Structure formats: C-alpha cells, structure tokens
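The structures come next, written out as structure tokens.
In what follows, chain A forms one complex with chain B and a second complex with chain C.
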Partner chain A sequence: MAYFLLDLLALGCINAIMVVGLNLQYGYAGVLNFTYYTFVALGAYVAAVTTMGAPPTNFGVEHYALQWALPWPVGLLLAGTAAAVAGLLMLLLTIRRLRSDYLAIVTVSVGFIVWNFITNYIPLFDGSNGIFGIPYILNGAGVDEPTYTAEILAIAAMILAGCLWVSWRIFRSPFGRVLRAVREDEIVAESFGKDTRAAKIWVFVIGSFMAGVAGGLLAFYLTAWSPAAFLPEESFILFAALVIGGSGNYWGALVGAFVIIELLSEISRYLPSFGHASVIGAGRAILIGVVLILILQFRPEGMLPERRLRWYRARALPTGPAQGAPPAGTGALTAAPLDPSMGAGGMPATGEYRSAGARDRLRAIFRRDLG
Partner chain B sequence: MLDIRDVGFAYGGAWAVDGCTFVVPKARVTGLVGPNGAGKSTLIEVVSGGLRPRRGTVTFDGEDITGLGRTAVARKGIIRTFQEARILGRLPVIENVMLAAQGQVGESALWSLFGVRRWQAQETALRQRADELLSWLGLGDVRERQAGTLSGGQRRLLDMARALMAGPKLLLLDEPSAGVFPTVAHLIAVRVREIVASGITVLVVAHNMAFLGEIADDVVVMAQGKVLTRGTLDEVRAHQAVIAAYLGT
Partner chain C sequence: MTAAVVALAAAGLTLLVSVTNFINFAYGDFMTFGAYAAFAANAAGLNFFLAVVVGGIATAALGVLANLAVFRPLVRRRARVLTLLIAAIGLSFIVQNVIVVVWGTGAQRYSVDLGRASRFGPFVLTPGDAALIVTAFLLLVLLHLMLQYTTFGRSLRATSNNSDLAQACGIDTSRVITSTWIIGGFLSAVAGVGLALETNTLRPTVGFNELFVVFGAIILGGIGRVYGAMVGALIVGVLTEVSGMYLDPAYKGSFAFAVVILLLLLRPQGLFAALGKSD
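After this line comes the complex of A and B, so read on.
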C-alpha cells in the first residue's frame, strides 16, 4: 500500500509539473497547444539518449542518437532545454500569421508529424520499439523499487515547487497581467503597446521547458519510453485536468493533476481486470470525459477558479462620485503623493497631486509634463 | 499633430476610405462625423495601426507612422477606445486600467521573475494612479469588481480610464457616448474637455450631435470614404453637401 501511494504521489508530482506548464500556456495566455505532450515526449527522449551510453546488449539491438552518458541532472536540464527550443521554433514559425484556433490546428499537425517521424526514423530513438534501459538516477540501481520511487518523488516534488513558484511569480507580475490580457483580447493588449508576440513566445517556451523536464523525470522513473507513451490523447487528458482543476489558477492545475490524472486515471490501472483488456482503458477515458462535461456544464471556471489578486485590495482609497453625477469644478480627486521611486519607462515621478484646475488634476494623474 | 494625407483603404474592391486628407491640431477636440459607412471607424483603425492603408500617409508629430502596427503606434502615444467597449471581462477593473500604463518594467518575463523589487515599487505607484483615474471617472466603487460585471455605461468609462492610463498624446475616441445614459454621456463630455485642457489631443467619432456640440472644437465630415467639409458644428450642419449626405438627397 505504501508503495502504491508513493507511486501515485511520484506520478502525481510529475503530471502536476506538466499541467502547471500547460496552465502557463493556456490558462494564463490562452495559447492552445494541443500537442503539449509531444514536448513531454521530446524531454523524455532527450533525457534518455543524453544519459545513456552505448545500447545495452541484453535488450537486443537498439538504435538511438547521441549516447553521451551524461550525469542525470545535465540530462534533465537538456530535456527541458530541447523542449523549450522546440517550442520556440514552432511558435516562431507560426505566430506571425496565426492566432488562437488556427495556431491550435497547427499544433495538432506538428504533433502528428513529430510522432510519425520518431516512429519511423529508427536511428533517432529506435522507432516504434522505443528506448529501454534508461539508467536509474541517484543510487536507483542498487535500491528496491519503493526506495527508488521515494527518491523520484523527492526530486519531482522539489521541481514541482520550483514550477509553482515561477507560476505564482508570473501570475502576480505585470507580465502575468499582459498574458491575461492576451488571453482575453489580444487586440486590446496591442492597442496599449503591449508586445503580445513576445509575451506568448516567452510563456510558450517556459511551459515547454516544464513539459520537457517532466518528460525527463518520467523517463528516469519508468526507465523506458516509446511512441506508444505519447499518443495524442495524452495532451487532451492534461487539458481535461487543467479545465476541471481550474485554468488560470496554479492551485487548480495542481488539483487537476492529482484528482483527474491520478484518481481517475492511475487508480484505474490497479482495478481488477474484467472483460476485454481494453475495457478499463476505455472506461477511464469515458469517465474523464463525463467529469469534464459535468464541470463545463455546472462549474465552467473549474474546481478552483482563477484567483483575484489580493494585493490590489490594499487600503481604503478615495472613492469617486456617483456615476452620472459629474463633480462640479475641483476637488473630485484627493490622493496621497505618489511613491517617489516611480520613474521608469516614461513615467517620471513628480510632485504631489493638487486638487486644482483640470490641467493640474490631469497632470497629477499622468505624472508627465503635457506642455 | 496628426496629419492624414490622401489615405485610402479598401476591403476587397470597395474603398471604405478614399483619399482622406485632414489635420488634427494639438490640444483640441476634432470631431469626425458622417453617415453609416462613411469610413470613420476604418480611418480610426488605419490611424491606430490596425489596418495598413493602400495609399497615403499618416504622420504624427512629424514622424511617418503609416502601417506601423497597433503596438508601435500605441508606443508613439496614440491610444484608442473602441466602438464596442472591449473590456477584459475576467480581470478586475483596476487591472484593466493598470494594464494600459506604458513602460512597465515587470512586463518583461525575466524582470517579472527576478526583478521583483523594481516592478513592485512601480506597481504601487501605478495602482495609486489607476485608483485616481477610476475615482475621477466615477468608478471608484467598482475598482475591484470583475470588469465583465460592469454595465454598458461603466464599460465606456472604464475604456476611457484605461486609455488615459496609457498617457496618450493623441486620444482616439470611437463613439464614446454610444448606448449610454445621457448623464453618463454628459460626464464623458465634461471629462473630455478636461482632458483636452491638460494638453492631450482628441479625435472623436460620434453620431450624437448634442454630445459633439459639448466637446468638439471643430468637426470633419466624411461621406463615402471622403472628407466632405470641415468647420464648427454649426457651420457643417448648414453645409449643403452634409445635408445631402445625411438625407441621401
């Protein structure tokens, strides 16, 4: 039972890293990447071939590239980097001409192209046979399975904490605000001088990096990887987890990963088999689909909706006049002096606000010399 | 300030704007009127960088900005509002306004992660400024509400607050009084006059002549993509070509 729980937690943490990365792309910026799991797979392959040496003979003839036999942390870093670079390339090729749903269609196409290429080009990752004998990390080869699982869990939990920190920081920052604006209405964001293209590229690269790292961890844990592990439906399960958990909320991503992927998906692997072998797999997909439909019907914002920043609800501030009753003359605005540290980006700090004529009032608000 | 020279834009084969030429002088309110299909909103779209004209030039403060694109044009100081107030519904009102400020350090991905102290100081000042603007436009009480819950009139005011937050040199107002209660329209008119008094230039598209009468220093009349005439509101109202364009005679 303890091993079962450890296994669930380890896979849960790895899946959560994936969903947190997907949340950055879709939940924050609204970029629909229907081939997200391809980046997970790319990370898994890169982590495998950069940490493996020559093909082991006891698994038969294997063909794969690189064979660098690097230490596993380097392999994990390269896994994330490879996925990030792949994400960057994909977006650079498409973002100038495509938006929203068209971009989503391209991601599906890219996923099929990559899957078919990897499956059929054997020298790269041994085609449809896949790669076996991916080395255990730490001292995994010399310990029993529960201990190795606990070690993977510890590493995955630390990486997940880092990913959550990045998500939290981005959500609270002006960069996060630009991403949310891009998600809501890209034209509005552009009309206020925001570089929406750069914002989308950055968030796509960061999310892809997380996918690659999660894939690398998964490869080290399973010690095998093949095209059968990254069928297109895997991306949709991650989307289902995010939507049900609550897109735009990193806690929602976390809940979605554990509740949907683990409870509904992984637990079913341990159910006693009955009927045809495919019944449990099909039942799992149906169950996730039903839960997704129910959530979209009755709670479209997900189990944990996007949070409002408490930071904005700071202190009592002067309220304006009732709508429809314009203040006569002066005195509608009374405010404390601005923070003198304000000054970057064409917003020079000037003196305090004076409740005088219209010109002074506006000057005080804009903090710039309007000449 | 803004010099529009022989600008033409066609949707397919139909010229929506056809050889438009006029100047918007600094620190004044210029009204842009005309019957439906006159090309006013297309022209606003061309000036704000949303559409690249097929011919002609748009010059702002002596610099050619023709076809620069929305982001680049906004960074020059030309900020627009929309015919349908396009608020960001899932964001709180105050975040809608704060978004618009230019030169935010924390909008860079790397600074957002590793330069927290720098952008947090700026955020404090921005929040204060956004609060002031919202109060000034009568939205102080709803600053924390989700923008999607605002009424039509409140959305118009939010659209304006957001545009002002961007620190515009030229403000393009597209139908700011459309579909709002007369008292809100009056509030908008009063505020527009105060904005102009602070040195900002305004080009406003409007159908509501009473509203335009409150704010416009002069009026450009368009019909069928061309400029018909220009003058004070009373002058253009008496112009035969304008009467013909509106009445279809």
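After this line comes the complex of A and C, so read on.
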C-alpha cells in the first residue's frame, strides 16, 4: 500500500511538471500545442541515449544514436534543452504566419510526422521497439523498487517546486502581464508596443523545457520508452487535466495533474469489464471527453480559476466608459479594432479573433501600465 | 476515387467551417460514424444504398446533437476559438471511442459486391468505384444548385460571409447553422462509406486518419470556399495516390500531414484566393 502511494506520488509529480509546463504555453500565452507530449517523448529519448552508454546486452539487440554515458543531471538538462530547441524551431517556423487555431493544426501534424519518423527510423531511437533497460539513476541496479521510487519522487518534487517557482515569477512579472494580454487580444497588446511574438516564443520554449525534463524523469523511472508511450491522446489527457484544474493558474495545473490524471488512470480499474479488452481504454477516453466538455460548458475557468493580482482590486478603477471617465491612456484601447464579428466568411489566416469580454479583461491586465 | 471521397468530405467540412468559424476536429469521426451506421443498417438487411442514406441521416442527427449540446452553448458565451477546438477534440474522443465500445477495434466489411475491376489507362476501376464517383458528383452538383439558386443557399452564404450582418437582415442564423450541420453530417457519412469501400475495411480510426487529407484539401481551396475545396480535393486526392507509388510505405502516412503544414505556411489563403469571394 505504501509502495502504491509512493508510485502514485512520483508519477503525479512528473505529470504535474508536464501540466505546469503546458499551463505556461496554453494557460499563460494561449498557444494551443496539441502535440505537447511529443516534447515529453523527445526529452525521454534524449535523457535515455545520453546517459545509457553502449546498449545493455541482456535484453537483445538495441540500436540508438549517441550512446553517451553522461551523469544523469546532465542528461536531464540535455533532455530539457532538446525539447526547448524543438519547440523553438516549431514556433519560429510557424508563429509569424499563423493564427492560433491553424497553429494547432500544425502542431497535430508535426506530432504525427515525428511519431511516424521515430517509429520507422530504427538507428535513431530503435524504431517501434523503443529503448529499454535504462539503468536506475543515482545508485545503479542494486537498489529495490520502492527505494528507487522514493528517490525519483524526491527528485521530481524538487524539480516540480522549481517549475512552480518559475511559473509564479512569470505570472507576477511584467512579462506575465504581456503574456496574458497576448492571450486575450494579440493586436491590442501589440498596439501597446509589446513584442507579442517574442513573449509567446519565450514562454513556449520554457514550457517545452519543462516537458523535456519531465520526459527524462519518466524515462529514468519507467526504465523504458517507446512510440507506444506517446500516442496523440496523451497530450489531450494533459489538456483535460489543465482545463479541469484551471488553466492560467499554476496551482490549478498542479491539482489537475494529481486529481485528474491519477483519477482517470485508477478509475479504469473499477469500470465494469465486459466485451473486448479495448473497452477499458475506450471508456477512459470517453470519460475524459465528457468531463472536459462539461467543464468547458459549466465551469470554463476550471476548479481553481486564474487569480487577479491584488493590486488590481486595490485600485478600484472604473471597468468601462459607461461608469465614468476612463482613466488616461485607455484611448489607445478603445481606438484599437475590437469588432467581435471580424474573421467571418473567408477567414483570414492571420490575426486573432476577439471576444466581447476581451476588452474588459485586457483593461484589468494593463491597468497598472495605464495608471 | 480518393479524390471523390475527399471532395465530398471537404465540401461538407468547409461549409461547416465557413458557417461556424472554427475547425471541426471531430469531423473525421463523423465520417467514421456514418460509415458504421451504414454498416449496421446494411447488416440489418437493408439495401446498401438505403443503408448509406440511413448512415447519412444518423450522422446528420449526430451533427445537430453535437451543435446543440456542445458548440452552441459555447458560442453563445462567446468562448474563445481555442476553447471550441478543445471541445471538438473532446467530441472526437467520445465519438471514436463509443464506436470502439459498440463495434470493437477489429475491421468490418460491407457485404456488397463491387464488381470486377477493369482498367482505364493508368486507373483501375470497379463498377462500385464508378458508382461512388457518380454519387459524389451528383451530390456536389446538388450542393452547388442549392447554394446558388435557393433562398436557403443564399442565407447560408450570407451567414458564412458575415453572420452578424446576415442576422441583421432577418436571416435566422441559428437555423442556418443547424442546417449546415445536417448537410455537413450527411456528406461526411457518404464520404466515410466511400473511405471504407476504398480499402474494403472499416475501422474506428478510418475517418480520423483521413481527416488531415481533408484539411489539406480545404486549405488548398481556401478555407470556407466550397468550390475551392472541391478543386483542392481533386488535387490532394490525385497527389496522395501518386505519392503512394514513390514514397516509402512506412512514411506514406506522414504525407498528408506534411502537405497540410507546407500549405499553411506557404499559402494559407488557398490557391484561389483572388478568385473567391471577398473577405
């Protein structure tokens, strides 16, 4: 029982690192990356091939690139860096040209192509067999499983704490404000002279780095990694966790990761078993879809909504022109194009949609800059 | 053959996108659902063509249900487009896995004889293929006539061009949207049956796998433009068939995805932007 709990906690911490990273991308900057788990997988592979050295002989023939034997912290760093560089490349190629929903299509496509390539190109990461026999980090093969789980839990918890700290710093920095503005209305944020693309790219890269580190930890913990471990639906489970927990709030990401992912993976044991074997997985996927749609309908802000920073409330400025004279500087806001019907018909592929509520939310975000 | 199937699916999807203003990730699973519904009707003893019609009606109903239960409330709240995308993927999960639960993951076959294949130059055609191509062609002509010459077609085009303005002109846009889901659902079902016939196997992922080919077609044609999508489908359909001969079969699956990325990066407005309606 104690081991079971330990295992849940360790996996929970690793999942939480992923969801906190995803929160940076989607919750903070509004970049919809449907292939987040591909970056996790990349991290897992890189961590494996940079720390394992030559292939272990007791599992049959394995082929993979690099075969470095670096210490594991360096491997984790390299895993994060590889994922970050991949994220940077993907975003540099696409962000200049694409509206965010088209970007989402591109991420799905990239994810599939990478999966297809890794599965079929054996010299890189051993194709569909995947990499196995990754040695235990810290103390070699002699240690028993519960001890190893506890060690991984300790490392993961420390890294998770670091990720939360970074999220907190970003959230309350001017950079965080720019990000939220970009998410609500990119054109208006840009008209304030903010470099919106740089902001998006930076936060995306940090999120990808977290994905890579989490992937590396997962590979060390599971001691194996293969294409079957990063099917497209994995990214979607992380999204479900984030949206249900509360996107934009790193505590929400944390809660979502522990509650939703653990619940979903444990609940499938209690689903009635009938018919064929695939019913359990299918039932789990249906459950995710239903819960997600219900949350989007009835509590779109998630269990823990995004916080307003305290000084927004302290400065009780009017929220709209109807309530009195607008504070100096809002002229730029009202002059910006805020037509909610924009983009109907032929749908330009660049530029963003905007909603009626976006203006007020933007005001709240930029109030300090305006005052 | 592929082109005919893709053209049907692309016409339906691009109509939906133009009217609802978001890209429906669940559309591939609508195709699968239609194919399975037709399969069930056929297995229950119905004539094959009637079964396809039943599949179409069932999928149209599914579309209307999806709109009422999932998308309309979100649009009413003016939710962000990204939220709609996530909801669509959630729906895709639900539909695909309900199919798995009901029919299993194994491959099914229609009990219909496609007839003997004969060669026309480089193409191999069975009478069943020919029937499918003719059906697709007839449906697309019907769609064209409806869009151009009926009041409903005009209100649909008006809604897709500018829904607020259309509403101001007295068009019941929510009825138009519902009707578009019906049309889109029906077309997707016929396309789904075509997909299953093409490979003679029906699996729960058949539609989702083809979704990105359809995306390629509608992007090539300019998103939201029905005629563009038809031409785009022709090009993408022929391209996928030709690429199949030259590409390593292991990487064949990536082709459509690569096409989608390249198109979005190089020519997101589609090939025929200048000829289409004004934005």
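FYI, the second predicted complex is superposed on the first by the 299 of 371 C-alpha atoms of A that agree within 3 Å, B and C clash if a C-alpha of one lies under 4 Å from a C-alpha of the other, contacts with A are read in each partner's own complex, and residues count from 1 in each chain.
Here is the rule we use: a contact is a pair of C-beta atoms (placed from the backbone, for glycine too) under 8 Å apart; a residue touches a chain by one contact, two chains touch by 3 or more.
Given the structure is predicted, the values throughout are model-derived calculations rather than measurements.
Judged by the touch definition given at the top, the superposed model places A:Leu92 against neither chain B nor chain C. Touch criterion not met for A:Leu263: it reaches neither chain B nor chain C. When the shared chain is aligned, chain C comes close enough to touch A:Leu296, but chain B does not. Contacts of A:Ala161 after superposition: neither chain B nor chain C is touched. Legend: residue contacts after superposition of the two complexes on their common chain; A:Ala69 is shown touching neither chain B nor chain C.
In the superposed model, A:Glu233 lies in contact with chain C only, and not with chain B. Shared contact residues of chain A, touching chain B in one structure and chain C in the other: 341, 344-347, 349, 353, 357. Taken together, the chain B residues at the contact with chain A in this complex read 48, 50, 69-71, 74-75, 79-80, 82, 86, 88-92, 94-95, 98-109, 111-113, 116, 118-119, 121-129, 131-141, 143-144, 146, 153-154, 157, 162, 164, 166-167, 181, 183-184, 186-187, 190-191, 193-195, 197-200. Those residues of chain C lying in contact with chain A across their complex are 17-18, 21-23, 70, 73-74, 77-83, 85-87, 89-94, 96-98, 100-101, 104-105, 160-165, 212, 215, 222-225, 248, 250-251, 253-254, 257-258, 260-261, 264-265, 268-269, 276-279. The touching residues of chain A, counted against chain B in their complex, run 166, 169-170, 173-178, 180-181, 184-185, 187-196, 198-199, 202-203, 206, 248, 306, 308-309, 312-314, 317-326, 332-333, 335-336, 338-339, 341-342, 344-347, 349, 353, 357-359, 361-368, 370-371.
Chain A contributes residues 26, 30, 32, 34, 93-94, 97-98, 100-102, 104-106, 108-110, 112-113, 116-117, 120, 233, 236, 239-240, 243, 275-276, 278-279, 281-283, 285-286, 288-290, 292-293, 296-297, 300, 340-341, 343-350, 353, 355-357 to its touches with chain C in the complex.
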